[in-house]
Amino acid sequence: MSATMVPMNTYLNDLKNRLQEFADERDWDQFHAPKNLVMALSVEASELLEHFQWLSEEQSRKLSPEQQQLVAYEMADIFIYLMRLAGKLDVDILKAVEEKIVMNAAKYPADKVRGSSRKYTEYTDEAKTPQED
Amino acid sequence: MSATMVPMNTYLNDLKNRLQEFADERDWDQFHAPKNLVMALSVEASELLEHFQWLSEEQSRKLSPEQQQLVAYEMADIFIYLMRLAGKLDVDILKAVEEKIVMNAAKYPADKVRGSSRKYTEYTDEAKTPQED
Amino acid sequence: MSATMVPMNTYLNDLKNRLQEFADERDWDQFHAPKNLVMALSVEASELLEHFQWLSEEQSRKLSPEQQQLVAYEMADIFIYLMRLAGKLDVDILKAVEEKIVMNAAKYPADKVRGSSRKYTEYTDEAKTPQED
Amino acid sequence: MSATMVPMNTYLNDLKNRLQEFADERDWDQFHAPKNLVMALSVEASELLEHFQWLSEEQSRKLSPEQQQLVAYEMADIFIYLMRLAGKLDVDILKAVEEKIVMNAAKYPADKVRGSSRKYTEYTDEAKTPQED
């Protein structure tokens, strides 16, 4: 798809504009308060979740082609609402992503959290007061 | 940010690789079954929702700079988990996004849904059997 | 706890009244539009989800006493918001529960769905057009 | 409904037993790991959310009888999964509810939080270090 060969920022800005036009053509902008868009985004995340609720972890790693297509479209819905929200709130999502990756690397030093899924707060609390944990 | 000037697909593939390395360095890949990643994605969507639950729609359109920064980071978390999931499931998210936009345009013809937030199923049911609605 | 020895309906009505008083004393009723309460309820459901996202199914069956207490409190938060919402919307939750149980029994006949987690729509579609599934 | 005239605890224990039987008759117990049940509960909470995403706060206070019935059934689904989970985890939900209400009263003193929806952490941080907020 040639659209995806353009620079990332150009693509996302174009996508925001297309979503704004889509809403304008339908007079839907009135419904798209950020509050409402985050609700819709959360609902889409749950529709994705629903595909996985009765699957084992192992089954979730080996989706059938049909399941994978359905899951891909749910993921697309999330991406679309996320970019629609970014457009309405004037958020530079890639800037936030790159900053968050740096923050996460500092928050979860590899040699301290290796093999553990415990949250940052848990291991740091433990680090401070190991005897209390 | 120069990273975002690269072609979209290149950027996303690179991001998937960076997230895989991040998980490998921490031996976290074992926790990243798609089933678990969609749970984490849904949790992040709710953390975004939490910022808006007591705001009016009007307030949600005028976030303070501090609120906007917090919201941007929650959106980044969603983006990151979405790309991590796309990496694990080998999903081409932009292909799915572009297909979904075409599907949505067909599903919600502008002249039929203008100014209404009713769902597709509702207005089509009505279209078929207006007397029953 | 003696409160729980009273008839179910009496307990729930009393609970609704206590939650209304709690909100009134804090002048929080203004924030408790049903739209906002369902957002808060959904956020609480995700806080419950967060406790389980990195656990295996097996681990989720054997919570430590500490985990079980935390989970119990998250469940209580959901119960409280559900009853607060029922109070605001004047919903008789037990009536709806009993009706839904009858509906579910009709929707999922034991001899048709045994051992399968497929959704109602899937197996009925199959029932109609088994060759297409 | 006479069932709801029995003591609260008796009703809930009976409900847990009925839900266990419902699952056993369908051989669904194998799917009902707590991890999966919390996912299903979260999905139900989002189905409730979906009814409200495009409504204004004002509209959410004045549901039509049809909307209210649909909403009541979504709330029933949440109640049912919550009790199913309580059964599997052996959680005394009413005990947790009563304890949480006491905790909330201590956490949000009426004279300190009146008219404000700010979270506990925010106002206590402010209380400790007002100059930093």
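Going by the order they are written in, the chains are A, B, C and D; count residues from 1 in each one.
Methods note: a residue touches a chain if its C-beta (ideal position, glycine included) is under 8 Å from a C-beta of that chain, and two chains touch if they have at least 3 such contacts.
Everything numeric here is computed off the predicted structure, so don't read it as measured data.
A.B. asks: Can you list every chain in contact with both subunit B and subunit C?
C.D. replies: Common contact partners of subunit B and subunit C, which must touch each of the two, are A, D.
A.B. asks: Fit subunit A to subunit B on CA atoms, both being copies of the same sequence, and give the resulting rotation angle in degrees, nearest 5.
C.D. replies: Angle of the fitting rotation, subunit A to subunit B: 180 degrees.
A.B. asks: Can you check whether subunit A and subunit D touch via the same residue numbers (shared by over half) or via different ones?
C.D. replies: same
A.B. asks: So what's the Cα centroid distance for subunit A and subunit B, whole Å?
C.D. replies: Centre-to-centre distance between subunit A and subunit B: 5 Å.
A.B. asks: Quick check: how many Å separate the C-alpha centres of subunit B and subunit D?
C.D. replies: Subunit B and subunit D have C-alpha centres separated by 26 Å.
A.B. asks: Identify all positions of subunit A at which a residue touches two or more other chains, and write them in rising order.
C.D. replies: 31, 36, 39, 42, 45-46, 49, 52, 54, 56-57, 117
A.B. asks: So how do the chains connect up here, line, ring, star, complete, or something else (other)?
C.D. replies: Complete.
A.B. asks: Which positions of subunit C touch subunit A when the two form their complex?
C.D. replies: 39, 42, 54, 56-57, 117
A.B. asks: Could you please specify the touching residues of subunit B with respect to subunit A in the complex?
C.D. replies: 1, 3-9, 11-12, 15, 18, 22, 25-28, 30-31, 33-36, 38-39, 41-42, 45-46, 48-49, 51-52, 55-61, 63, 68, 71-73, 75-80, 82, 85-86, 88-89, 91-101, 103-105, 108, 110, 113-115, 117
A.B. asks: Could you pull out which subunit A residues touch subunit D in their complex?
C.D. replies: 31, 36, 39-40, 42-43, 45-47, 49-50, 52-54
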